[in-house]
Each structure stands twice: as C-alpha cells, then as structure tokens.
Amino acid sequence: MNYTTGKIKVRYNETDQMGIVHHSNYLKFFEFARIEWLEKLKMPYLEIERNKIILPVVNCELKFLKPLVFGDSFKVKVHCSKKPTSSIEFSYDIFNSRGEKTTEGRTLLAFLNSDTMKPLRCPKIISDLF
Amino acid sequence: MNYTTGKIKVRYNETDQMGIVHHSNYLKFFEFARIEWLEKLKMPYLEIERNKIILPVVNCELKFLKPLVFGDSFKVKVHCSKKPTSSIEFSYDIFNSRGEKTTEGRTLLAFLNSDTMKPLRCPKIISDLF
Amino acid sequence: MNYTTGKIKVRYNETDQMGIVHHSNYLKFFEFARIEWLEKLKMPYLEIERNKIILPVVNCELKFLKPLVFGDSFKVKVHCSKKPTSSIEFSYDIFNSRGEKTTEGRTLLAFLNSDTMKPLRCPKIISDLF
Amino acid sequence: MNYTTGKIKVRYNETDQMGIVHHSNYLKFFEFARIEWLEKLKMPYLEIERNKIILPVVNCELKFLKPLVFGDSFKVKVHCSKKPTSSIEFSYDIFNSRGEKTTEGRTLLAFLNSDTMKPLRCPKIISDLF
C-alpha cells in the first residue's frame, strides 16, 4: 500500500549556496507526502490532532542519491513499511522529473497524547487504514 | 530604549544559490532579537504565552542595504519605536562584523487573546517596560 | 497584467507554536509565485541566472489580514506594479480556499550582474514581458 | 577528538504547532556545529569551497530522545567518527540546558569537486586535522 504525491516544484528558497536543495528540506517533503496520504485516506492530520494525538518523528534516516536543484520538480512516493503499533513507520522515495530516484528515506513516528505527552497505542481508526 | 544582541553567525542553511542569506531569514533574526530583549526585561515570551497572549506580526517592512553572506556574523539592534497600544512596533538595524549596516526593518505585532484570537490592549506588565 | 498560482497547501513545517503559518514563509510564497510567473512568460529564472543576472530582494513589505493555518490551501496573485528600470516591483495578494484575502505584499528586486554584483538596467528580454 | 558548541537558543520560528522544535531543524544544528568545528581547526568552510571542494550530505540518521522546545537552549557535541576517505562521517549529540541528551545523529558527507561534481579523496589538509 502506497501513495505518490503530485509533481512538486523545488522552491528557490530551498537551495543553498552549493546550488542544490539543502538536505534539511527533504524531511519537509516527506512530511508533506505522509500528511497528504493520510488526507486521501480520509484521516486528515487536523482530525488526529483534534483527538489529542500527536505524531512526532522519533527516528529518521535519509540517503541522497542525486541532488535536486532549482528548476527540478519531483514526486514523493510513500508507503507504510510496518504494521503500526505504538509507532508508525513510513518509507519514502523521491523521483525527479526525469524519473530518476534522487532520495530514499524512512521516518518512525510515535503516537503521543498531546496533553500528557505519554505514548499511546496506534488508534484503531489509523491501524485500520493500513 | 533599545537592545543589541550578541554576535550571531550566519548559518550555512540560511544561504541560497545566489550565495547570500535568503531574505526570508531576516524576519527570523528580528524575531530572535525582540524575544531576547523581552527576556532581558524579565518578560520572557513563554510567560506572555502562558497568560494566553500571543503576538502575531501583522505588518512588516524590510530594507536590504547589503547582503549578509556565509562567513559573516552580525548583531541586531532593536528598539520599540512607539508607545504600545493594542499593538507594539519594533524597529531593527542589522550590522555585520565590519560594523556596516546591512538591513533595516520594522514589525508591528498585535496583542491577541490566544483562546479567542480577539485583540487586546497591551497588558500593563508590558507597557510598563517601555 | 498579472498571474495567479494554482492551489498551494500549507505545509506542516510552516506552522509555529502559535498554530499559524510563521510570517517569514510568506516571502517564500511570494518568491514562488513570481518565479512561476516568469516561467509562464517563457523567462525561466534559471535562464536569467545563466545570463549572469541575479535579482536579490532589496525592499519588501507585508500586511497580514488573516492567518493561514495548517489545513488551508491558498493561491498567490502577483502583478508587476511598475515599469521595470534598474529594479522590478511585484505586488502580491494571497487568498485562502474560502476566497478571503489573507495577505498583501510588495517586493522590490534589483537587477545585478552576478560576477561584479553591480546594478544593471532591466534587460530588454525582461522589460519586453511587462 | 571532538568539539562542543557554545549554548544555542531555540528560535521561535523553529517550533511547529505541536509546540516542539520541528525535526528538520536538527540537521541545521548539526551543520552549524561541524562548520564551527572546522573553523576552530583553522579550516573554515569558505576556504574549502574556494578550493573548489563541496561537501554535500549523502546520508544521515537522527534519533530524537526528547524534544527541544522554545525557551530551551542547547549545545551540540560533534565528533569525527571514522578516518576520512572520499567521505567524512560526523556524529552528534545534543544536550539541553539541564544536561539531558535530547538528540543523536550521524551525517556522512562526500568530497566533491564543485566544477565537475565528481568525487574526490579527502584533501590532505583535512585528513591531517583528524
């Protein structure tokens, strides 16, 4: 089960003086993709937060195969790599407009109660989606 | 009445492919300076937010005289340009390590109740500071 | 003469702990809009930079009427407010998905030679566009 | 061999609506720390770039133990975890003002010629430092 975003253009402000997209931006692209996916699955992130659940990233990994540069557009493919428990793992691949894979990544997010900041089991409404 | 920050180094990620600090970062430098100032005045921003007051920027202006580049460090001089009412105005000057003024700016912030998002008069504890 | 971007979704990372889009991001939205416009006019920004011309922002102004929040999408309407000379001025309006104007802005950009960092007159290929 | 930065304050703009520092910022903190270290070792990054060498991140990993929040300050401890070859690996630990470790990370950077974007062996002036 997976989801691919529409085409996203590199923004000028995402570049650095090396002339490539600064590596910190890819975590934002991953976040954008998983949130858009949850939305398509009728589980908008705002709804999750309204239920006093937050999903901070507790662990992540990125591998840069090719840089994205200004002028490029890209798509993010995201999939849920494991059955959610008290955390949920997403894996990502980014492809540039020539279809080349530029980036791979993985993020592990914890389910926390936003009032107490205590861990939660994955709510059924979410585990049922995957 | 005014305050000048300590020396701040340009961070690599703040540059763009033109090789200068991206203009959006200066609003972050201004924010850093006014928050540090409030802290020195024993009015930490966290304390303000705990009193259900938020201070969103409603208006701002920036003038770039010289670029800041990676390798530079700079100081931000901030002063309160008008008596606070339902809003508070700060003015800023940024100086690079050679003492040259690089940037001028102005931000107007409104006092809002964070629950209702309604405007407030400047709380006495804050107006007394200026 | 003006251009309106497609619908852009607020990204989670663009929010701050006030629960609204941090004001520094709007300068990025403006930049995105003017670059996309130049592209539609067959004057891609990369082409401009290849001609050793850069366009740093020298002056800008923003007015926040309503906050954008996570969950919102928005469009940026941009127009060229004056005949370009050695600088070019763009004005912007941002509208949320309910069609409400949330933000107004203006940026003045200078034409510089990227080798010498000296001012240039607006190249004919650009002034002809407007 | 290692280096610890001075105390760095969390900036308001680094928070997100969860009320914690957005995870993408930690890659910026790591970058700041390794660049400051190279500077202390008399190998400023600008000097490296002037020699037509760039050091893009090709791989990274982050582990979040505790969130940093607005109001916190922190230090980054960085060390070079392996003998540099055609790449250089740095490891990082972030500690909050109570001395608690909040974050661990690792970044692998490649040495590239900035003209050709081809891999290089670690220049002797750099390998001699470690």
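Lettered A, B, C and D in written order, each chain numbered from 1.
We adopt the following convention: a contact is a pair of C-beta atoms (placed from the backbone, for glycine too) under 8 Å apart; a residue touches a chain by one contact, two chains touch by 3 or more.
Note that the coordinates shown come from a computational prediction; the quantities given were computed from them, not determined experimentally.
Interface comparison, A-C versus A-D: the higher count of C-beta contacts falls to A-D.
Note: Cα superposition of chain B onto chain C, rotation of 180 degrees, nearest 5. Put simply, the chain farthest from chain B by mean CA position is A. Separating the CA-averaged centres of chain A and chain D is a span of 22 Å.
Taking each chain's centre as the mean of its C-alpha atoms, chain C lies 32 Å from chain D.
Between chain A and chain C, the centres computed from C-alpha atoms are 27 Å apart. Multi-chain contact residues, meaning those touching two or more other chains, occur in chain A at positions 12-13, 17-18, 24, 27-28, 31, 70. Put simply, chain C touches chain B in their complex at residues 17-18, 20, 23-25, 27-28, 49, 54, 56-64, 67, 114. Across the complex, chain C is touched by residues 12-13, 15-19, 22, 24, 70 of chain D.
Note for the complex: chain A touches chain C at residues 9, 11-13, 27-28, 31-32, 35-36, 44-46, 70-71.
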